[in-house]
Amino acid sequence: MIKQNLHMFVMAAPLLCAFAVNLLGRLSRAWVAPLVLGALGFSTYGAIFVLQEVLTNGSFRYVVGNWTAPYGIELVLDPLSAMMLLLVSTVAFLASISALKSVSQELPGREHFFFTLFLILIAGLNGLVMTADAFNLYVLLEITSITTYGLIGMGSGRAPLSSFNYIIMGSIGACFYLLGVGYLYILTGSLNMADISTILGGLQGGNVATATAFAFLMVGLWVKMAFFPLHGWLPNAYSHAPSGAGVMIAPLMTKVTVYLMIRVMFSIFSPEFEFVRHAGVQNLIVWVSAIAIICASLLAFSQRDLKRMLTYIIVAEVGYMVGGVWLANTTGLSGAILHIVNDALMTLCLFLAASAIAYRTGGLSFEHLRGLYRKMPVTMAAFTIGAFAMIGVPPTCGFFSKWYLILGGAEAGHWEFVAALVLSSLVNAILFFRIIEIAFYPTEESHGHGHHEQEKVKVQEAPLMLLNPLVITAVLLIVVGLSSGTIVNDVIRVVLPDLF
Amino acid sequence: MKIIQDRAKTKQPGESLIIQTSVRILVPFIQLFGLYVIVHGHYSPGGGFQGGVVLGSAIILLAIAFDLKTTLGYLSERSNALMSNIGPLIYTGVAALAAVMGGLFLDYSALDVIIPLGPIEWRSMGIFLVEVGVGLAVMNIMLSLFWDVSSGGDMDEGL
Amino acid sequence: MENVYSIWPLAAVLISLLGAIPILLSDRTPNIREGWTIVIAVGKVWLIAAMLPTVLAGGSFEFTIAQVLPGVPIQLRVDAMGMFFALIASFLWLFTSIYSIGYMRALEEHDQTRYFASFAVAISATIGVAFAANLLTLYLFYEILSLSTYPLVAHERNAEAKASGRKYLTYILGTSIGLVLPAMVILYSLTGTLDFKSGGIIGTGCNAQVITLLVVLFVFGFAKAGIMPFHAWLPAAMVAPTPVSSFLHGVAVVKAGAFSILRVIFHIFGPEQLQYFNLGTFITTVASITIIVASLVALTQDNLKRRLAYSTIGQLSYMVLGAGMLSAAGMTGGLLHIGMHAFGKITLFFCAGAIYVASKKKYISEMDGLGRRMPITFGAFFLGSMSIIGLPPLGGFISKWNLVIGSVQGNQIPLLIVLLVSSLLNAAYFLPIVYRAFFAVPQGEAATEEAVKIQEAPLLCLIPICVTAIGSVALFFYPDIFLRLVQLALFP
Amino acid sequence: MEAILAELVAKYNYWIYVVLMMIGFYAMIGKRNLVKKLLGMNIFQTAIILFFISTGVKRGGAIPILDKHEVLLHGINPATIDNPLPHVLMLTAIVVSVSVTGVALAILIRIYRRYGTLEEDEILEKIGK
């Protein structure tokens, strides 16, 4: 009987442990690490089986508490959501290892608070990727957001202010989404995605209301995922968060929201609705994504801090994915979904590296990075792989999703999108090589021969707790890159017929 | 009564004697009502959230009428934190237990395996257990929200 | 034709990539580290040579690493053309390694571990480029090659190296991401495959404008071939230690660029289609301009390595020129020139390094009379320059002869003139150096006490110089293997 | 004009929510005081909650609490009871809104302790120094 509930345990394990961590962590800090790692290890392990199960036996629907849909809350497990489940739990597991170390440095004595929020956030994300209920989605979205507000607010310096701005923007997004759900509810009387979809399909009239609902849902989600003109909150919030929170929030929050956008677009509404009946909107959004990619990439230029630079890259990557989905062809959509996976791993890799660097050097502004290749060779090697993935150098995974996206853009005839992608790759190359160059050279002034004997810098690697997840992620980047054919064929293509 | 009068004479924490006295008398009734709302929640209007809010507001009322230190005498910060964790733990625990016992998640009728009361009866019993958990959590979280926000987490200043 | 599915190609690529790990680990024991380098280099030559008989018999090896895109796997295939390039690269790497040890130790260079490790990765990528079975795989290794050579270019870690490193990456990465990647995507969306196939994968039914665009993107995109105006990285990259310049910027990196262009011309577009779309003229024009301009610029350079760099730029365009002629002899000459030029140019660079090691001299104007102190080095230099100029009895003559025949065959008289003029220019910028070294009387500073003490470079430097110089001569008399491979590659 | 007025009057409840929402939205975007922003957010959320609640209302509908025996005997006439689902949903939404407010207040306290003010301009000025 475990088998049919396995995905629920994947979600429940972090949730149960969240409270256990808070309770037992009060007694002794020694409880925190085993509980967190145990729960997330179990989740990851379980998610692998769920994916395997779904791939062999096909997707299934699950009704919570045995209340049948559309009355009860329904969960849907198709290859896509199973893959996202695995992605979320893997990233969470890797991030938590590093977070355990960096939190004990940055927030000593508050580990149990931190990890309670951290685990609830993971449970919320796990729930988000599975849910098939429009209102449930809202609640889970807010659970993840509230925990994120808290985690970001725990940071030092400007963090509380950034977190507050995030609260305001995040709430606007959530409220818009809720309004959209309200319109849908008035139209259809149902909250179950599949049910709404059926009713909407047979609906006579009500075009304006449907479009309004759709617009509200989309704008709400775009605010949450920091799609370009609505991105203002993200750079501050993510760069001021504690390192331990950053490694979790940055890779997952925006990516899961993009996934939700795909769910809303294809499970509630239909491609026909978005791409055929509102072809003008479709064109417009691809244009906006192209502009988003370019603007965010250019904004990244002006940053003098590694983490802030990364946050602007995240905003650009959101443009990739939204644009890919709205290209309205299979290739673009496959690329966007593949990019969700890849981007999560790339961002994880870079943030883990940033967190390891910050642990040793105490800061991430460019001055702190000088001569790092000598000081932390392994960290920088992993960082370099992450950077290559962001630039899109094969065989790292970033190349392959970019390939699909460019191909999709070419197929759809959206050359502005193709140009934006190529340009952003070039900009990323410059951005990252600027950092690599800084880390490669020891000091500002030139060093000729002769000097090199005195400047023997001692190797000062980050602790293993920070290093191991980083190295694993870097290897994953290449492994996922090489297996992207399998991912596309066995997972993404399986879902696409449902969507188109 | 004597204590309150003494305290009113020596220092003035909070409101007047009349208010303080009436609050002292009211609080047990409010709490009783809160319990009623929780206990009846699974088959009549009410439930854990509402009952928890009522329970919590009873102690908040105390805090407003006296001061934060007084409320700490009723419910220490430590036990508050403990209970606000145990609440959700009960909730998710019951849900997971149902799944472990062979049903679907949150399908309480599966709990019949442990104590055979009949699946139908368990459905309402299960919800009751969940409501208790929710009630505990809501009460304590309401309270700690109030404590923390009014004193900034220090518990020594504020009202 | 026999096509074997085998892990040998992968082993040949990976041996030096994995070899970088023991090199990195034996940071503290230089002798063991250098031992590893030599072991790996020998192993690599052996692995590749072991596949040679099958390839010469018309067979090929194939290995699929991963299925990444529909219809486009990451795949290695050892065919005649790849074998030709890989053979040259691995053989010369062996001698470059020996030379590097002598050079780096004589100069007491810093960060030797990083140097040897990067070198190992770079050669791995070069072999990957040679063995790539499709454009995606080629692109993959091409990028790895660009990135792994960055630490080598920036080895000195001073302001000049920093600026050069920047320039290097800007040109190489900028063109590969900005031009090749879009071109690949367009090609893929047209044909659904990126496989290298004899005769090309593009039908004549395609839109002529799109094909023209693709040719432009590819020819300029593989900037490692140094087609003007994307050539400026090569002179800049000369700040690297000389073994790097000699091997990477004389053989591996630049030839990888030229090789990629030839691959694309022969096996993606196909000579017949290019003929049909009349695109050969474009390629030859671009190449001719580069040849003449680069040779003229080379005349003005006083820094020996920079002169060699401009010479390289010109010579690389010979290969592209030959391919662009689209006639049998022209294409043979172009492809053959990869090998012939490699032996000649690496000799010249080795000599430049040996001169620097022995006398710390970088400028031609300082080399008066040096030939009498270092007769072996300058003798080899003379042979190398003869090969580049294209005089018998040296290997360079054979490829140049084929190119001349090709231009006559195709009735392309302007190209003939370009070839002859450039040969004269080659002679004009190389022979004065030899003349100065042997016959000019040292004056001023060069005549001081110190200069008299200058002797030949260390033995580990001299051996490779002699081997490659003799190799250049030998290739004139025994070019059979190369010719056979080239014939197999072009006319299977 | 007539038609517009009729429209306004017929759907007056929705217009009220729109006005409330706009007030809230204005406060969130336009006000420089952080507490006012938070209040604006609450007004915004309340407007949506009211909007949802009013979708469940029926003319002449009773509260959706049923007598078990009555239902067993006579069945249910859906026309006579209000739709309870929006209320339940909004209960959850209220919980969400309370939690967000709680977190926001806690963060405001941290901001106040650090900067001694809750005016955004003054805070930014202090950061700038």
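Some observations on this one:
Going by the order they are written in, the chains are A, B, C and D; count residues from 1 in each one.
Heads up, the rule we're going with is that contacts are C-beta pairs under 8 Å (C-beta built on N, C-alpha and C of every residue); 3 or more make two chains touch, one makes a residue touch a chain.
Because the structure is a prediction, the values reported are computed rather than measured.
Steps from chain B to chain D, minimised over paths through touching chains, total 1. Set against the Cα centre of chain D, the chain with the most distant centre is C. When the interfaces A-D and A-C are ranked by C-beta pairs in contact, the top one is A-C.
With centres defined as mean CA coordinates, chain D is found 29 Å away from chain A. Chain A and chain C have Cα centroids separated by 43 Å. Each chain gets a centre from the mean of its Cα atoms; for chain A and chain B, those two points are 37 Å apart.
The geometric centre of chain B is 78 Å away from that of chain C, both derived from CA atoms. Those residues of chain C in touch with two or more other chains do not exist in this structure.
Within chain D, contacts with two or more other chains are made by residues 106. Touching pairs of chains, sorted by label, consist of A-B, A-C, A-D, B-D.
Contact residues of chain D toward chain B in the complex are 65, 91, 95, 102, 105-106, 109, 113. The residues of chain A lying in touch with chain C in their complex are 388, 391-395, 400, 403-404, 406-407, 410-411, 418, 422, 425-426, 429, 433, 437, 440-442, 446-449, 452-453, 481-486, 488-489.
The touching residues of chain A, when paired with chain B in their complex, are 1-2, 4-5, 8-9, 12, 15-16, 18-20, 22-23, 26, 62-66. In the complex of the two chains, the chain A residues touching chain D come out as 135, 138-139, 142, 145-146, 149-150, 153, 158, 160-161, 163-164, 167-168, 171-172, 174-175, 178-179, 182, 185-186, 191.
By the touch criterion stated above, chain B contacts chain A in their complex at residues 78, 81-82, 85-86, 88-89, 92-93, 95-96, 99-109.
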